[in-house]
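I have a structure I would like to understand better, so I am pasting it below and will then ask my questions one at a time.
Naming follows writing order (A, B, C and D), and every chain is counted from residue 1.
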């Protein structure tokens, strides 16, 4: 992510270059921040079992169940924190919940 | 600094001393003077004694303090005389103007310790007979101007007429009443036993 | 507009992942749920009171919000957005802005029930065209779980601890939704996350597209503060509703309407038991505390039924 | 063509607001600034301005609404005094840190307690580190002129900071005096159109304002903010120069009155400077070399310029109309003494705390101060540095 003047915003940025007032002109830039490594448990999407009821979609606190053409895709593991709420709401046991790294 | 005239007004909250000081400032301003008009700095409560001030000068005024040695004092409510030393600091070459129905002699007697001139004006009578109601400001303004000579009487009358015409455009009777009050006050303000 | 679940889910996300809320937090569900009710073509400005949601969704330089967003302080989110809304009105009038904007404020119970209550009350009274959404997790979670006026009676928090003499918070929670109804604003709703989010969605839609101020109180469980397993979020919400701890209702121009009536009201134990913050209530000798809570729930439920013109139990 | 008029300080600010025609005014009444939003409310009621009023429930909300509004790209103003400014304290910092050029008319009044409604600089001095430009006014004319200039100063691209324009409660806010107003069209042309650097309401570029800022970035943001204040000095002078072209009235960072050949001087802020000028005129006639430095811009503080202007003096009294409870003097004293550290020959320097809570200050008091300075010069001894003027001993 860069400032308007094209300077990369990272912990090396100098005071003259940093965004005035901390105002950020990149809506949704948190997408670049990966919270996937917070996971200790991991949901596993079983596409074959999924009936595309989408009940798992609104319960995800991390907006990590992408939907395209009214069908859910596999998890966005860049951001999924492994809370397991989706696992519990799935009426079809289409999401497994396993230890991360397995 | 050119000729500076300082005036202090005594009244009770709600009687219009602040307005009177502002009207005097207006009149003096309209006749080309530098002016200040300000109330005693603080809250104004109905009935409580209040003070207002005027500075009028031919040159720019920079002082921003209260007035402790006024040239003129105006007492809008004579019941204050018993409780407040209204002549405090008043210059002997100056004068005090009291709004009263009593004879001049009696009032003069009341201020026997004051070495300057004492003037009286019956603002109530003048106001009620010309305006039908008690609005002491116009008579008192006229009295102050007459006594203090801070502006030419002709100029004063002209500027007041302009301002009444502006303020009461739709009420010619009010303009007329005020002008009558003004002229009568100029004649009836009393400074000598006559 | 009738709720089409799949179409709602198909809308582009207006709150991205990559924010730093706890795993399993309820607050982002409230934010996502409300934002989904926006028409896609409508712009929004979101204000946020200081709190978990705010510090986690906008940590420099990462914002999780796709819409314009402003945070100024803890107690003034409603006042801040009222300034933005007023600016919009005048700039629109002057022809400087073409787009349609909606103004939404999110605040936790701390920023809403307590420190931000004055600014909320003022903004509602002034009649700004805005929606204030409280995500109520029943304590000051951002500072480490201290009691708020939304904390339920006898709940354990860091400032209402379990001691030898005193067990948890000693007061019942403030009924903020009712206080907001007393402001006589066009729309007040209380809801939480149930099933396919129809209730939240429809209420958000009404709140957003009713002219004037609207208030939504959304129960948003906090697994850390309430001490339950993160995966149980939806179950906890369901129990809150089925026990009538958190009834769902709306008040449209002063008319109360119950949104959901449990077929059989569950005893309050069902909601309290899964939560560690109430564990002490289930120790022998504390039965009277449970009874007291139940009696309070029953009383308030009946009051609500009456207001909504429903048959009293 | 200048318009000759007579107005109170509050009226003067209100007229300036009317001429500027801001997009939004958010305010809560507090004596003695109350009249300002009242007048503007009347302008709105009479359709004389396009301004959207937000009549909030507290000053905290007033500044919060100003933040929300200015961040939305609207030119925004407010007015307050005393405890009102104190209640804004938190949000003053927020406004300046997110670089919002809000304009605030401050009518200086003592802070409670005990409660007192009269002139005193405790309010603005308490906010001196909040990152706001502070401009002070001796009388209604300066309040008016400063307020119009403030809009330009704060909005300057190099500055992007909020500005408060201060005047003394009651003493100038409620006193009617002569004033020269600028024609409406000239004011409009002078302040120009507000073009925000970024706006919440720019659909092409949504922004996020007010982040959680970690230690990795916070100090860089503060350093950058400080640069805005550093740059403000030259912008203030540039704007003053343009203002002079329109009005013929000259403004600098401070005003030096009879200072050039003076031996004894006072440094002072706001209305008492006028009283001091009258005292100086009198004493000059008596052959006494007395002068005055009146602070116009307190933030940014013009250290070098003040040092240059004062270093030739023999003795100086710095006059503070607020206590700092530092036990060595008020805030203005601290600044002036610090500025004079760079002087080769430092004048003797004392501090007077004066006029707290509206205690009246006359020319006699000012003469007393000069006499004290001459006594110091004669004895070549400073004596007590931290003094009170007009307190009953």
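By definition in this document, contacts are C-beta pairs under 8 Å (C-beta built on N, C-alpha and C of every residue); 3 or more make two chains touch, one makes a residue touch a chain.
Listed by chain with UniProt protein names: A = Pyruvate ferredoxin oxidoreductase delta subunit; B = Pyruvate ferredoxin oxidoreductase gamma subunit; C = Pyruvate ferredoxin oxidoreductase beta subunit; D = Pyruvate ferredoxin oxidoreductase alpha subunit.
The structure presented is a predicted model; accordingly, all values stated were derived computationally and were not measured.
K.L.:
Mind checking the centre-to-centre distance between subunit B and subunit C? Centres are C-alpha means, answer in whole Å.
P.N.:
64
K.L.:
Measuring from the mean C-alpha position of subunit C to the mean C-alpha position of subunit D, what distance in angstrom results?
P.N.:
43
K.L.:
Need the CA-centroid distance for the pair subunit A / subunit C, whole Å please.
P.N.:
From the centre of subunit A to the centre of subunit C is 23 Å.
K.L.:
Using CA atom averages as chain centres, what separation in Å is found between subunit A and subunit B?
P.N.:
Roughly 79 Å, centre to centre.
K.L.:
Which subunit D residues touch at least two other chains?
P.N.:
In subunit D, 98, 206-211, 213, 217 touch at least two other chains.
K.L.:
What residues in subunit B touch two or more of the other chains?
P.N.:
Residue numbers touching two or more other chains: none in subunit B.
K.L.:
Using the touch rule from the top of the page, what residues of subunit C touch 2 or more other chains?
P.N.:
58-61, 63, 65-68
K.L.:
Could you tell me which shape the graph of touching chains takes: line, ring, star, complete or other?
P.N.:
other
K.L.:
Can you name every chain pair that touches?
P.N.:
Chains touch in the following pairs: A-C, A-D, B-D, C-D.
K.L.:
Looking at the complex, which residues from subunit A come into contact with subunit C?
P.N.:
Per the touch definition, subunit A meets subunit C at residues 1, 9, 19, 22, 24, 26-35, 38-39, 54-55, 57-59, 61-64, 67, 69-70, 76, 78-85, 87-89, 97.
K.L.:
Per the contact definition, I'd like the list of subunit C residues that touch subunit D in the complex.
P.N.:
Residues 43, 45, 47, 54-56, 58-61, 63, 65-73, 75-76, 79-91, 93-94, 96-99, 101, 118-119, 121-123, 125-126 of subunit C touch subunit D in their complex.
K.L.:
Write out the stretch or stretches of subunit D touching subunit A in their complex.
P.N.:
97-100, 160, 197-198, 205-211, 213, 216-217, 219-221, 223-225, 227
K.L.:
Touching subunit D in the complex: which residues of subunit B?
P.N.:
My answer: residues 1, 22, 25-26, 29, 34-39, 41-43, 60-66, 68.
K.L.:
Along subunit C, where are the residues that touch subunit A in the complex?
P.N.:
5-7, 9-10, 13, 15-29, 32-33, 36, 57-68, 193, 195-197, 223, 229-235
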